[in-house]
Amino acid sequence: MFSFDSDYTEGAHPRILELLTETNFEQTDVYGEDVYSNRAAELIRQHIGKKDAGVHFISGGTQTNLIAISAFLRPHEAVISAETGHIEEHETGAIEATGHKVVTIPTDDGKLRPELIQPVLTAHHFEHMVKPRMVYISNATELGTIYSKDEITALHTFCRESDLLLFCDGARIGMALTAPGADLTMAHLAAHTDAFYIGGTKNGALIGEALVITNTALNTDMRYLIKQRGALLAKGRVLGLQFLALFESNLFYDLAQHANDTADIIRKAITESGFSQLCDSPTNQLFPVLPNSLIEKLQQDFVFRVIQKTDETHSCIRIVTSWATQEAGAEAFAEALAKS
Amino acid sequence: MFSFDSDYTEGAHPRILELLTETNFEQTDVYGEDVYSNRAAELIRQHIGKKDAGVHFISGGTQTNLIAISAFLRPHEAVISAETGHIEEHETGAIEATGHKVVTIPTDDGKLRPELIQPVLTAHHFEHMVKPRMVYISNATELGTIYSKDEITALHTFCRESDLLLFCDGARIGMALTAPGADLTMAHLAAHTDAFYIGGTKNGALIGEALVITNTALNTDMRYLIKQRGALLAKGRVLGLQFLALFESNLFYDLAQHANDTADIIRKAITESGFSQLCDSPTNQLFPVLPNSLIEKLQQDFVFRVIQKTDETHSCIRIVTSWATQEAGAEAFAEALAKS
Amino acid sequence: MFSFDSDYTEGAHPRILELLTETNFEQTDVYGEDVYSNRAAELIRQHIGKKDAGVHFISGGTQTNLIAISAFLRPHEAVISAETGHIEEHETGAIEATGHKVVTIPTDDGKLRPELIQPVLTAHHFEHMVKPRMVYISNATELGTIYSKDEITALHTFCRESDLLLFCDGARIGMALTAPGADLTMAHLAAHTDAFYIGGTKNGALIGEALVITNTALNTDMRYLIKQRGALLAKGRVLGLQFLALFESNLFYDLAQHANDTADIIRKAITESGFSQLCDSPTNQLFPVLPNSLIEKLQQDFVFRVIQKTDETHSCIRIVTSWATQEAGAEAFAEALAKS
Amino acid sequence: MFSFDSDYTEGAHPRILELLTETNFEQTDVYGEDVYSNRAAELIRQHIGKKDAGVHFISGGTQTNLIAISAFLRPHEAVISAETGHIEEHETGAIEATGHKVVTIPTDDGKLRPELIQPVLTAHHFEHMVKPRMVYISNATELGTIYSKDEITALHTFCRESDLLLFCDGARIGMALTAPGADLTMAHLAAHTDAFYIGGTKNGALIGEALVITNTALNTDMRYLIKQRGALLAKGRVLGLQFLALFESNLFYDLAQHANDTADIIRKAITESGFSQLCDSPTNQLFPVLPNSLIEKLQQDFVFRVIQKTDETHSCIRIVTSWATQEAGAEAFAEALAKS
């Protein structure tokens, strides 16, 4: 039984466990001020070419989102998100729990563009409505789609002109940057956002996201804000060491590439079998629309989620691959589709 | 150079890393619904004799405190804490950030007693003041002191009679229960509080606290509340596996015992050298008051924090031992005191 | 120049100022516990036939909404509103500022119905999303439409069955209950909601809304919650006296009737002139769609808001009448339409 | 039966009701942008000599405090208050409900001084504690005491040097400025704080406080923040007109002077009868310590609050006079004391 349920069903890449084990008995500074966290932060700064960036390691994505957004906004300021954005859909009102409204925009593909955002700014014209002050995007999006270099540049320019901060949820940034056809780099993203985060949990880490704040004014007192939300781990090195493992070599990208490659095997089978996707995802989350009868058959051998009915006889399922997905599994699924 | 800086300067007990490694490639359910988290929760329920208790694994202590307190209280309700309580002193206003006031009580030894709490209830008599609704205690306290079985029972009875919830911060509960002279058991604590947590981080885990809710009415929708605060880890098994390692054998208590035993070596030296402690701690945090000249000398060989000046020529320092403290280190410190 | 800008451009009905003046030098109890507030609350309880209802006088509508909603919900619980609902559109994120998400539903006419709400409940199926726990409706709605008796009954039944609270924003409840064709009574509304409020500000008062809580369990500690949000006025009698003036006679309904009657003059002219409304409002807010050229002409003699462009040559305007609107003004506007 | 219960037992000064009545049928702009609110704000700006100050009229004191404090602070920043401060003692956790901790300082007389504040800054030295960022004072204090010109200057200098905002709760600022021996002016206060408010409710208004923000950077988007907390009254003129009445002549100070003068009659009697006060209040709140037997006797003819037992046979009571207190009442009380 192969599982395509999510990219967090396994533990960590072995190099991470190895590094945790190797350094286990060293005594280090605490609360993220240890030598390993510092080294990992420095590697990330070098990698993105922003030597002044604030880099903070935080356990998970929802926590990172709520900390960043509530740290950057005044009480009446709101964040703009696609309707499918993680902060809107799957964080149990975490942003609102910090006092901020999420203003949503319907999209076809989970991506925000200036022309979609402008009407929201126009509509929010006075003090009886929240003041949109930040744009939240995900890359890859929750639908698996990705932003091109030009799209990020355009969003950034628009946000600057509109007095909006631009924040990118990078829970699956590894997959976004290594997807077929992707031309965006992490350095370009860093140079064209105010802050973003690098997702570890879904790309080989046990836990951990790296919040990178390139707009240094926003970095003021961030350790206070991280602590206040309960996110300053006593043994902060646990997070730093994982990012050290991911960034001391090309491991971060290699793992993401593997996730994409195994997804590619399945994607091709979807196309070749004449099926379509909900929208065109080049990353490790696929959303094929399949006949219900086929879905039932596939469920005998594979684990995946049925997302929604699309008509009387078809439904959309979600297939997720990861750094740990075996090619044999992807091929078995592809074969099952081909035989259908 | 031996460090007595804190009980979280090392990584994890080897059994924990071993278990993480052994199970690393298994695919499990996510968000804490995996088999290992379930097994660990079940072990804890059996251990405390409360088969209906809610057990939730959360990354750290501040996060556990803020989730529990904000989940259990209505907006106008407040939590009562000793002035030295962690939620008051060292959580950067985490409780207030969820909207709740912490009402504080000065104490000599960090412990709350009914006769200290009653005047607070009397003073908060009308709707122009918050309504005290919960008592927060720490065991061991932030000063290293512990509660006896009778003291817990008395607090519980008082809280019941006064319509107050009783919540125990157990960041160092292992040390409290294994301290010389301790007569409290975890089962007794569980039976005489509404909720408490079992500290993993300071007792051999990489990260992780187990929030135990024995007042089952309070457990309603807790997974929503944990998620909303960003604390529902995608790879929840990372937490569950650690508590499995701690509770599948006597490991949890053995580690705490070791921390207390090494502290005992130093405690005896303090007494024998004629020095006093700030207050009488039987656990792994010691607060000796020493001559400044001696402190300077000790700093050449040992790492520890200077907490406060007590007079012109003396200061109070904090010595913390842990499951990983080497006896040789404790003995070296004891010897240095003896020679002074 | 007649103004149809809003129903709060004037001060108060003279009876209110008279009563404030008559009682001005009496010394009364404070914070809303005075004899006049008590008497007004009692009149309201009698009027709705709910002798145990909690009745609280609060300065304004946004404040009433935020107090009620945040008092009734736990942190992870959300309120469902029409997209046009006041809490969603025009309260600057007041509800989110108390920590709660507003889940919105698009509607044609500003009204919620069970068949619109059910899909929201179905979609919110697990702890990664907020838990819908309250339905917020406005009557009259922000589009001027009203609920019938049967519609309120059906909503109430649905909410009971779905474990949802039902709360009605009654900023313009007077107009809703006296509209042509209305069959709903305040007693029926009270019997079929958990709480609602009676709008004073837009119906002849200087300030003030009466929050009525008929689900008495929800009334627990409400004075604490009102105080905490800064809404417990020291001279609470100022609010109580106004509702006394409105409910000691039929004044509350008479004023609303007048607002509706003057709107009716204009509504008929809209129809007779062959124009349509955005949606069919029987109350004191009208939304006619008019040629831009006509709008410009009308602006020379009348004050009103242009709400939105509907096509290249037409726009929707908002006309609001009130207890203080002079018939001559309404007739002048009607005439101007007729001549167009 | 004369009442000295509080300074808000009556309605408004007649000039206020007169002005409300005179202008009642005028149609004005709404939400505080009417001509009267603008005129009143302008009068206040002229009065304090700060032509750029933001002036916002808000219903009550708790609301003003919570709006100002939550608008000015980032989430991890805290406000420092005397233990007797209104925000700490009698606002039901309103500040904490906006997410901010109140850090308290014990005082003898309700007044903060640099030497009391400095140790708090020293103690809050790292990110595990909130960051003190604002000093909250009341003038007159909750104990009736007042700040001199030099004391305000010294506090201001200290706050500037320490990167602290200075905010003054002026619920009874009228009485503070007209007290015997007072040398502070409102202009001096305005020049030496970042914001303060002028209390109307306790000095002749029906409702209303004027929040004055002289640090103009803090005034950004204040109307959003006022609206979000439910404090932007639709008929905002109701507040503006009252402050117009108070500041178009010397009425504001005359009313406060009257309150102080009638208190003076009683104060002298306290002293002449050989009784002491809890602390030395020169304003309209007196806290004499009297024999319990005398208190019982006085209660037959006068209404006042018993604040606390001071020893077995004595208690402290609170006597409050106001703009509406009759001299005959004060004299009757003085006489009763003299006869004791």
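So that you can tell them apart, the chains are marked A, B, C and D in the order they are listed, and the count of residues begins at 1 in each.
Following the convention adopted for this analysis, contacts are C-beta pairs under 8 Å (C-beta built on N, C-alpha and C of every residue); 3 or more make two chains touch, one makes a residue touch a chain.
Keep in mind that what you see is a predicted model, and the values were worked out from it rather than measured.
Counting C-beta pairs in contact across C-D and across B-C gives the higher total for C-D.
Seen from the Cα centre of subunit A, the chain whose own Cα centre is farthest off is D. Rounded to whole angstrom, the centroid-to-centroid distance between subunit B and subunit C, based on C-alpha atoms, equals 50 Å. Centroids of subunit B and subunit D (each the mean of its C-alpha atoms) stand 42 Å apart.
Our note on geometry: subunit C versus subunit D, Cα centroid distance of 34 Å, whole angstroms. Shown for subunit C are the residues in touch with two or more other chains, namely 75-76, 91-93, 97-99, 127-128, 130, 224, 227-228, 232.
Interface residues of subunit D, counted against subunit B in their complex, comprise 75-76, 78, 89-93, 96-102, 127-130. On subunit D, the positions that touch subunit A within their shared complex are 31, 70-71, 74-76, 98-99, 127-128, 130-131, 221, 223-225, 227-228, 232. Within the complex formed with subunit C, the residues of subunit D that make contact are 3, 5-6, 8-12, 14, 17, 20-21, 23-30, 59-67, 91-94, 97, 201-202, 206-207, 224, 227-235, 237-238, 324.
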